[in-house]
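Note that chain A is present in both complexes that follow, paired respectively with chain B and with chain C.
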Partner chain A sequence: MIYAYWTELRRSALRWWLPVLVAADLTVLYERGRWWIGVWPQTSVAAQIPAFYFGPLCAALAAWSAGRASRQGMDEQLAAAARPRWQAEGLQLAGTASFGLAAYLVGIVVAAVTSAGSAGPGFLWPGYLLLGATVIVGCTAVGHALGRWSQSRIIAPMFGALVCFVLLGSLSGTLGFMVLVGPPDARVAYWPLATRLLLTVAAVAVAVSVPKPQLRLPRPAHRHYGCGQAFSATTAVMAFAGCLAAYATAGPIQVIRPMPADYPCTDTMPAICVWPDDQKYLPRLSAMASRLGELPAGQFTVPARFYEQGLRGSQYRNVDFTIPEGAMWEVATAISIQIVGETFPKACTGATDDDTAAFFHAEFELGTWLESRLTGAPQPSSVHGGPPGVDIQAIGRLIYTTQESQLAWVRQRMATIRNTTCA
Partner chain B sequence: MLDHLRAAVRYGRTHHAAGYLAGLVVLATADVLFGSRELVLPLADVPIAYRHEIPVAYAVLPAATLHSPMADFEQGATGRYQHVRRVHLILVVVLTAAAQLGVEAASDSWPAGVAALRSVLIWAGVALLSARLLGITLSWVLPLVSILPLTFLQQNADGTDRWWDWTRQPPGALGCWLIAAASLTLGLMLFHLDRWTPRRRRSQPRPDEGDSIEGAPPGIEDTPTSMPR
Partner chain C sequence: MVEDVVSVTGLRQVYGRRMVLADVSFSLQEGVMGLLGPNGAGKTSLLRTLATVVPPGQGEVRVAGSVVRTGREARLARRGIGYLPQDFGYLPGFSVYDFVRYVAWLREVPRGAAHEGTLRAIEGVGLSDRMHDRLRTLSGGMLRRAGIASAIVGDPKLLLLDEPTVGLDPAQRLDFRALIRSLSSRAVVLSTHLVEDVAALCDTVVVLDGGRVVFSGRTEELSELAAPDAPGDTAIERGYMSVLRTGVRG
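Then we have the complex of A and B:
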């Protein structure tokens, strides 16, 4: 068996593609963003993302290789072989999947090595990595099945790739075959992950055991042959249906992670606290907290502590900051909203629409000014948009003027807010 | 006339005419159903709709029809057959591109249709290149691989589309039309060359000892030096 497997590996259509796959993996890993380095859950998700591209590719190549039996006219010979057909098919599928998984594994190792230097406690999260592996194996099974059932040498690979592409790309949000970001306050849900693993196993079982559908029924004389195959094929299809039902009812793949008992905070006043996984951001957050201390005294009510999302009870989920893609601007946004909210706790709807508009405009301007002060720079060009009606360029210039002129500007906005006649 | 028609039907049968038309219908359906759905991509800031990537499947069809179960037999055909083959390829490329243009224009808009047509032309060239490098039945490989840079590296740092991103540049972008011209020219040139040099080398290792008639290059009236002796 193992010799046959090695032969499959040696003769696989993918063998010359392994360097290309590895290069694709590393490109996907590093080319578009490196903010995941140093945060284990994010590293795990980043290592999983190449599976999105390996899936369709493996499906196409599996469909191509699976068609070799009919291409070479070996169907009858395989059917008459001493070994059952599913073993041959299974080895072939394993050979194709091995190459995809090998490239995937290289990416994981490289990601782990890159992250290890700066990362917080813990290690790669196996849940996300398993999810990527199920995508690769599942897509390989889809492609293999299509290649086995179809006569065509071109339609089957293209269609396999297209199906996987649609499944992964368009619906990944709802279908949850992939995870796009791994914030530290989320973890993989065990049962949904298990259903995905089972679904993949069932898809492999279907791919190796269900023969090409034959429109012509076998003659009665031959009926006692191939009963085992019929049974196994039926069982595999039923198991697949069962797994599909379990998967459909399992719920989302990411769930909220329980609050940690202990978490690091900056030793500044006010303090900013993050998940242990995110501790690499502490120096930048300390700098932000010290810039917060440089704000004109006595104007704002600043909470004593700011928390990353998920560190305290669920009632604060919408208040606390997140660090999406390591963007400090987003942190500053959440913090400045908290500060403005603390400073002007009374919610106010103006007596007239104009009052309301003036009120919110002043609040938005103060918020944007706070964001720029907290990050020590104007709004970066990578951040598009902003609060409506706020002149972001003007505020970007304002933070470089003297403290007095800024104070005058701030007092003006605060007066607008305080003087609004509320309904 | 009737004879010509019959010959054309026979030719179409060996060159997967039915499969080609079925493929067009399936793709048109997929285009209408999924075209405006957006790919959920890990890192793209801009939505990439399926209609930007579906032309790749259209573009593989023309190259796919070049495959024939009678390929060995066709190798021995006369120059007349080469003419038919050229007409066939041009006709199928035009038909595919027109189908894509029509479907896109009907389901989205004319500019989208023109951009999709351009994509089909580019990818058709890539598919011909792939067919030449890897074999006609593997013509889908390079177009499929090209999806990766087009969905992953297609943006400049400031969030605009790169000049070579032919799936998302507006229909008037000159760079992409140049790519289309280059790709299609390369593909057609490879297709044209396909019929003599490599086959001759493959079946007649040394031209001096040209004693095998079996692999004699067709299109001989264009290249009198390769006349089999």
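Then we have the complex of A and C:
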């Protein structure tokens, strides 16, 4: 079996595609962003993302490869073989999947090596990596089945790629075959992952054992001994249906991770605390906390600690900050909202619409100014939009003016807020 | 008593409304048996049935003394059957060695014997010097040899060859005959249109016509049945034409 598998690999036309697959993997890994470097869950997700591209490609290659026996006239020899047909098909499918998985593995190793230098404790998260592997093998199975049933060199690969592209692209959010981000407060859910693994195994079983569906009874010249083939095909289809039902009812693939017992914080006042996985951000967060200390004294109520989402109880999930794709502006936004909320804890609806608008406009302006002060720069061009009615560019220029002029500007907004007559 | 390598009793195959094989019975021990008959006589259907690709519609097929009735029994029997279909398939990107070894794997030749068996089969067909060449680079005659190597790998007791000389030039056919003679220590069923190949190679011959056995016996007995006015250049050709004309049963 090992020699036959090795022969499949050595003689497969797909071996010429391996460098292309590796290049595609590394391109996706690095060109999509570099923020994942140094954060193990994000690194794991980033290493998994290329599977999204490999899936349709592997489906097309598998469909092209699977029609080999029929195209080369090997069907009769396979029918006369002592070894069951599913084993020969399985060997070929394994060969195709191996090329996809090999390129995927190269990407994983490169991602791990890239992250290792700057990452916190831990290592790659196997759950995310397994998810990518199931996508590659599952799409290979889809392509193999279509290739066997259609035998067309063109239609089957195109259709296989299209099916996988639709499943992974348009429906990936709904179906949960892939994850796009790996925040540290989330982990892969075990049972949903298990159902995806089982579904993939069942898809492989269908691909290697179910012959081309026939609308009519097989011709006498195509009869077989016994009912083993029909039995195994029926079993595979039933197993697939069962796994599909389990997958559909298993729930989301990502769930909230338990709070850690210990986590790092900046040595600043106020302190900013993050998940151990995100400790690479501590220097930038320390700088942010230092800039927080430079705010005009006595104007704002600043909490003693700020927390990354998930470090505290669920009641704080909408308060604490996240670091999506390493974006410090998002952190500053969440911290600014907290500061404004602490400084002006009383909710207020103005006596008139104009009062309400002025109240919120002043709050929004203060928040935007705080964001720029915390990051030490105007809102970056990569961040689109902002609070309604706020002149973001003007505030971006304001932070480069003197402390006194900024203080006067701040006091003006604070007066607006404090002088609003609440209904 | 020497056990039959293969025996067929009362075999009948019906495809749709067409009777393809009707009450075919014969047995075979060691040696080469020719299977003659015009197009559509049922030769390929008989070989496919012997190869256990299709089960008998009626009747019984025994391989190495065991009746083949179930899928499991068929797979067991196939370990001892080498089958070269008329339009045999091959994987052009595989080398001769890889292809024969792959077929050895399909035949479940034990792993410990697969390498040696592959080398022996390739040597047996005289392709040792082209062992590592890809099949797509071989001539038609060499491809046939590679196909025969794949059929004999693992030393199956029963070898089924369907029109193996189609497409071969005269020199290649002579080589092929020498090759088949070297295999005569096993049971070989050679289906062919070429009566002269049967005369040169076969100990016994079965002639099919319309799915029925119209002759079964030794090769020289077929020659003896030649009618003086039968068409043909040789005695066996005339014998063959005679049994087709008269439907004599052996």
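Methods note: the second predicted complex is superposed on the first by the 412 of 423 C-alpha atoms of A that agree within 3 Å, B and C clash if a C-alpha of one lies under 4 Å from a C-alpha of the other, contacts with A are read in each partner's own complex, and residues count from 1 in each chain.
In this text, a contact is a pair of C-beta atoms (placed from the backbone, for glycine too) under 8 Å apart; a residue touches a chain by one contact, two chains touch by 3 or more.
This is a predicted model, so every value here is computed, not measured.
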Partners on chain A (chain B, chain C) - clash or fit: fit
Touching partner for A:T27 - first (chain B), second (chain C), both, neither: first
Chain B versus chain C as contact partner of A:A81, first or second or both or neither: second
Chain B versus chain C as contact partner of A:Q229, first or second or both or neither: second
Which superposed partner A:T7 touches (first chain B, second chain C, both, neither): second
Touching partner for A:A351 - first (chain B), second (chain C), both, neither: neither
Contacts of A:G73 with chain B and chain C, given as first, second, both or neither: second
Angular separation of chain B and chain C about chain A, which is computed from CA centres of the superposed model and rounded to the nearest 10 °: 50
Chain B versus chain C - smallest C-alpha distance in the overlay, whole Å: 13
Residue numbers on chain A that touch chain C, as the complex places them: 1, 3-4, 7, 10-13, 68-69, 72-84, 88, 219-229
Residues on chain C engaged by chain A in the complex (per definition of touch): 13-16, 45, 48, 51-55, 57, 68-76, 78-79, 81, 83, 85, 87-95, 98, 101-103, 105-108, 111, 114, 150
Residues on chain A engaged by chain B in the complex (per definition of touch): 20, 24, 27-28, 31-33, 49, 52-53, 56-57, 60, 64, 152-155, 157-158, 161-162, 165-166, 169-173, 180, 381-382, 384
Residue ranges of chain B touching chain A (in the complex, touch as defined): 19, 23, 30, 34, 37-43, 45, 50, 53, 57, 60, 64, 67, 137-141, 144-145, 147-148, 152-153, 158-159
